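Next come two complexes built around chain A: one with chain B, the other with chain C.
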Partner chain A sequence: MCSLALGPADCTQMKINQMENKTMEGLQIVVCGTLVPDPLQTLEPVTTPTVPGLKNETMLPSVLDPWAAHSLYEAANLAKKVPGSKVYLVSLGPKAKLQQLMMTVAQKVPFELVAIDGSASGFTDAMEVAKTLAAAIEAIPGLDKARLLVFGGCASASRDAGVTMQLIGEQLGITDQFVGVDEIRMSDDGSFSVLERIEGGQYLASTCAGAPAVLAWATGSLPEPPNNPQVGMANMRFVIPALQKARPVAVGVGSINFEKSEVPAQKRATRIVKDVSADVIAAEIVEWIKG
Partner chain B sequence: MSAIERMKMEADIVCVGFGPATAGFLTTLTRALLKEDGTPAFESKVMPGMPLQIMCYERADDIGFGVSGVVTKATFIKASFPDKDLTKEIPNAVAAGDEKVAYLFDYLGASQRDPGTMFVDAVFKGGRFFMGKCPEAAELPWIPPFLRKEGGIVMSIGSFVSWIGAELMSSGLVQIWPGTPVSEPVFEGDKVVGVRLADQGVDLQGNPDPANFMPGMDIHAPLVVVGDGPVGAVGRTLDDHFGLPEGNHQHDWAVGMKAVIELPESCTLKPGTVIHTLGYPEQEIFGFMYVYPDRTASLGIFVPSWFDSPVRTTYTYLQHWMQHPYIWRHIEGGRLRSWGAKSLQESGVRGEPYLTGDGYVRIGEGSGTTNVLTNSGVDEAWHSGVLLAEGVIDLLQRDEPFTKANLDATYVKRRREDKLNADLQKAKRARDGFQDGFFKGMMGTGMTGMTNGAMNVSSQSRPPSQRIKTLLETFAGRISEQDLAAAVAQCAKDKQPLHDTLMVLAGWPEIKMDGELLMSHQDVLFKGGKVQAAGGFANHVTFAHPEICRTCKERTCIEICSAQAIMPGEEGEPPEFDREKCIHCGACVWSCSKALPEDPEKTNVLFGAGSGGLHSNEN
Partner chain C sequence: MADILLVLHTGCDGSLSKGALESIATTVDLSAKLGGSFAVGVIGAGAGAAADTIAGCGAEKFYVVEDEAVATPRYSSDAKAATALIQKAGAQIVLASGSSRLTRCMPGAAYRTGAQIDTHIVALAVEAGVLKAQRWYYRQRILTTLSRAARPWVLLVEGGIQPAWQGAAGVAEKESVAVEFTAVEQRTVIKGVESPAADAQTIRPDAALLFVAGAGWTKKQADGEYHISDASTLIQGFLNKAGASLGSSKSLVDLQSDGQATLSFMSHMNQVGQTGTTPRHAKGLSTCCHGEEPHAVGWRFINERRAINMDANCGWAQGKADVVYIANAFEVIAKVNELLG
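After this line comes the complex of A and B, so read on.
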């Protein structure tokens, strides 16, 4: 792997090393992603007998973690470009909630679900989660690490340790890891270039000889795909069986002690404006913050 | 748009909308889809060798979003689960307990009260000595049997529907797809052969964006089950196509606006407590409060179509109702968790459309199942789905097609012979009196209820567009003509709705926001309703004849809009609609004061299939 820092204006593909010329095969893209509470919900930490939790957690509407969702859409887009590729979504969460989530996610892009029945709360240990996900990836029938790209979010909307993807890579013995990815470009020989976000609004442009690699995505550049009933129908052939055989795991049970949890204080004053300049809005927000 | 090439998919049964009725249908149907040995009982016609392919498409972004709290006897629902205690299965459900009906006095003197209501005020004030002691209200010492819900359940319909949905999907026998609005039925002549999903990748006017356009897919199926509620696009298109049976009408509506609040620790109301109120904030507006477990409660008001004021903002009235001393003593210090609104089709069985046709069938509220005497709709909607499922199973077993004749002989026959229909017929005229005012309405409901429908009060029914008064008529004697004109001009200039300004001029105090229970309309939209809408869909609220809007003085669509999604546009222009704020309550459709020239039973507001809306399932 080689890297070069680029400013945002010239984030073109850079190929520094001469790669070994080889023909690219279909990829196995495994996306790690699970549910988080719908970001619009009001979250209230509560203390349960074991770990901190959220009030009415079982009732909270869920969405696919937005960071992971970006990586899923990028994975599907990449799979479309590389013939013979396949996308897996490895998801650790309460089975019943995963099932409901899949009815939305499954309409977006084609994938095969690998479900693991366990906690998806924000109060689990990243290493525990990583070990569980890595084991599930290793158990995918026909897994070929020479064709494996492991995708996921660079962080989580509910568990922002920001290290889970790296730990998964470590568990799988994958050393080429990219964090904060916004773009991947595949070459015909199986090598690829990656843009990673770094400080100062810059990108780190890297090239990699090929799979296996871990890519922890930032937002990528793709919009959320529309709901496509045909995609949903096709995915359901795998979703229901995957949920039925979801293996229960004891993640987030007693391995870590939380002293305290709280949400930041909130001050809310919503006003909807659509015809005001950004400068005026910014000035108003500054005044509002000043109180 | 007809030239657009659309992808087509086949299913055996396609359902539109996943509410209580479709839930009842699918729950009953799926229980018959497997033999004892686990093999499919029926083979798919469209995918030979496979089990029946059953799809359900729901507009909301998830199942259970956007419905509300309810107290229901749940007689039919319980019958579907004879071995289960539903209060233990459904999150936040509890057995209905203490029931109260309270008549609230207008302690502010700001409401509009006619002589009949003033007489009722005097009766209740005079009779308080033998009624429950409570601030600025009188509790009825006795609740008529037809209004009681004893033995029933207090629950969130959102939680109920989510629970059922999870049960159904785990069976693997049915697919329920949220976030998928259905725009219309697909006709072949008068036969319905499927449904068309809403186009995606279009601009607000529906024009395709070449880069992202995804034409709505046609889902063809031998049977389309329409359970998309009273303002659903498919049901309304069917009504446009076939009309209503002679003598039926859909003149009576209400918008129910509700909040789920966390009660203060000082609140002593027990879970299961049921409170219904009348008399305030206006004589036409009814209220409710249902107490859930864990110190939460669902509360709200209903603004009916026979409230003839064009300034009918439900949210401001909800805030005044919450602050009535009778309610406020229980909730002061609490916190709003969730919020939403929904239109209710209150014509009951009078609003029943044609229940069947070749290839389609209607169930639920949009099929006229609401009992307007007992104020009950969820249980009845569920049961209509159950009755349909029984009929469909009959036809599947006999391998007969879903023709109108066959559906009439199975589903409609069952429905007509069922207790559901007997109760609906008794309730048919229960609310007729309200057409002539609150006092006559109360008399009529009481008469219908106490005589089991044998005696009723008569009145002439009119569509809401023919009832709504002008601003001058509404505020005569309360706001001078000059002040009214000045306020209207200022609101138009500020692009603001009229209601808050006019209500203050008429004597209502300004709402003192506390950010917890009382907050701005925009804050409740996002904090309570968690409203959002995916991009790429067209505006689902449009105006049939914009020129009519240009000269409209009342602009009731703006005033009734539950979410401030319809707001004043440039002066002299039609109102502007913001689909990202719409909660799909549909109140604009029936509250418009302008009848459609080509069909006076309809209004100038068109309400189509759209995506998004509320993101809360605890309403």
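After this line comes the complex of A and C, so read on.
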């Protein structure tokens, strides 16, 4: 028989038992998301004395990580539906690049920025990143875990590990976690239902008694909101001070020893077929499919 | 005490998936390279019976958690069960497949056991006694080989990097690991799996062919009109006749999010590429897509690539596809469907 020590869930049971109807006071939705290189940029790895990096990394145009962006839009949409809710964006990245990023992101939806000045490299260790983000969330003034939903992407377009959100949840003592989320539906009593992506284009449907919970989003279902200068002006009242007081942190690669990083040469000898009838092409394709 | 622990889970029918069998093959291979032993831990309903089906895999011991609480995939109970298995086995290397269930819970188990974790592993090698793992960063754009001195080390391996293990069933030497699940850990209740209707299921991971549709299907055609209904009929006809899985470019599914008329059976679930999935299929046929880098990364694990496109200067023609047909996809797919019967 295996006897286990009490986990974080047991330790937070008292608090969770007190959370009934907390949703009526509004949710605190904390979105974790940072910048990644614009997907249209060509990336080339370079080796620094300690860790791999990207060539001209500081010069590369950045965007908000796509999955994190989806979670931000979903957070804003949820906050609109639950009166009294507030959205925070906790972002770890070089301060100057975060400032650039906010020029566009801040015009999308209302949020309060919590900026952390550190590396946004994909090569950093998820454990270190999660520890830093969890500490930043814990430090949000007035944080009430009984009303807390932690949002983020199910993976990033940089590290693409798909573990950071779970690690943040563990450090916050949150054991109701959902990964690959495309939908959340809140009920009046604070409970909610979730659809998570699983294999084969299917969804795992769950219900949860209520906050706190971690939701690592896939794409959700909302389009990118258009830029709204009024939202941008309102957000910037918080963005600038948040950037000014961004705490510098050293986030590294942990115990990872990078042996090699490369962009494999995968140039194919493409055969162009043109000025040929649809019949001929179709026959060739069918032969290929069946071959 | 085994050197490696392989964590598996049963499916809703109590069996082990193809991905699980592939991870067994990976474990057998790695164990031989390290010259050590391995144990297997199975989570889920029917875990004991599932262990019997792989009794001949060479594991020195099987541990099972088959409490009702792990009958369905849920983070809190799965993470606790996996933690118990890791603690029980005491192995320094923990392998698991990259299934949605294990991807969800293994980070939590790693945290609770003080382990390091790396995911999406596409190759494992041992050089001079050092375990080295290969994985992609920046969404299949930079391939990296890494190692870690710290232990335990949890590694989630991708599907398709090894053939599925095949071997004899029998009576496995198994030990049931008891785990106490609290009420708090069961606040999340699994209601079930939502699947598209059988005739609407377009994502088929085991299909030999991936068919990717781009936004060109929804654009005005040569007659100046939209033919979205025709496109739907042609694509669905092709999928059914060829038994193909359906992928989409980002631009096509974004049209739907923006409320524009598009293919009704298409969703973000189908999206491949930089911000979508990177499926593994033997062959891929791209239609009406631009093969720019963000899209092409979704094809990283497609062996044979062909494309139908109207633009000979498209990115697909720049060394990313094997064959690019410069033609009208409406006409070609209609003919293909005729030939496929």
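In this section, the second predicted complex is superposed on the first by the 237 of 291 C-alpha atoms of A that agree within 3 Å, B and C clash if a C-alpha of one lies under 4 Å from a C-alpha of the other, contacts with A are read in each partner's own complex, and residues count from 1 in each chain.
Rule of thumb we're sticking to: contacts are C-beta pairs under 8 Å (C-beta built on N, C-alpha and C of every residue); 3 or more make two chains touch, one makes a residue touch a chain.
Bear in mind that the values here come from a model prediction, so they are computed numbers and not experimental data.
Engineer: Applying the touch criterion given at the start, work out whether A:A282 contacts chain B, chain C, both or neither, answering first, second, both or neither.
Structural biologist: second
Engineer: Just to be sure I read the superposition right, which of the two partners does A:M233 touch: chain B = first, chain C = second, or both, or neither?
Structural biologist: After superposition on chain A, A:M233 lies in contact with chain B alone.
Engineer: Tell me which partner A:S206 touches in the superposition: chain B (first), chain C (second), both or neither.
Structural biologist: second
Engineer: Of the two partner chains, chain B (first) and chain C (second), which one does A:F178 touch, if any: first, second, both, or neither?
Structural biologist: second
Engineer: Thinking of the overlay built on chain A, is A:T42 touched by chain B (first), by chain C (second), by both, or by neither?
Structural biologist: both
Engineer: Who does A:P66 touch here: chain B (first), chain C (second), both, or neither?
Structural biologist: In the superposed model, A:P66 contacts chain C only, not chain B.
Engineer: Quick one: name whichever of chain B and chain C touches more residues of chain A.
Structural biologist: Looking at chain B versus chain C, the one contacting more residues of chain A is C.
Engineer: Using the superposition on chain A as set up above, list the residues of chain A that contact both chain B and chain C.
Structural biologist: On chain A, the overlap between the chain B and chain C contacts is residues 40, 42, 223, 268-272, 274.
Engineer: In the complex, go through chain A and note every residue touching chain C.
Structural biologist: So the residues of chain A touching chain C come out as 1-2, 4, 7, 9-10, 12-13, 16, 36-37, 39-40, 42-43, 45, 52, 54, 66-67, 122-123, 125-127, 157-163, 166-167, 169-171, 175-180, 182, 193, 195-210, 218-223, 254-264, 266-276, 278-279, 281-283, 285-286, 288-289.
Engineer: Can you tell me which positions in chain C touch chain A when the two form their complex?
Structural biologist: Going by the criterion above, the answer is residues 17, 73-76, 79-80, 83-84, 87-88, 99-101, 103-108, 110-112, 116-120, 132, 136-139, 141-150, 177-180, 182-185, 187-196, 201-205, 209, 242, 254, 257-259, 268-271, 274-275, 283, 285, 292-294, 304-306, 308, 312, 316-328, 331-336, 338-340.
Engineer: For chain A, which residues count as touching chain B in their complex?
Structural biologist: 38, 40-42, 56, 58-59, 61, 96, 99-100, 103-104, 107, 223-224, 226-230, 232-233, 236, 240, 243-244, 268-272, 274
Engineer: Could you please specify the touching residues of chain B with respect to chain A in the complex?
Structural biologist: Spelled out, the residues of chain B in touch with chain A are 7, 9, 55, 57, 61-65, 91-92, 159, 162, 165-166, 169-170, 172, 175-180, 197, 200-201, 212, 214, 217, 219, 337, 515, 519-520, 522-523, 525-527, 530-532, 534-536, 564, 578, 581, 615-618.
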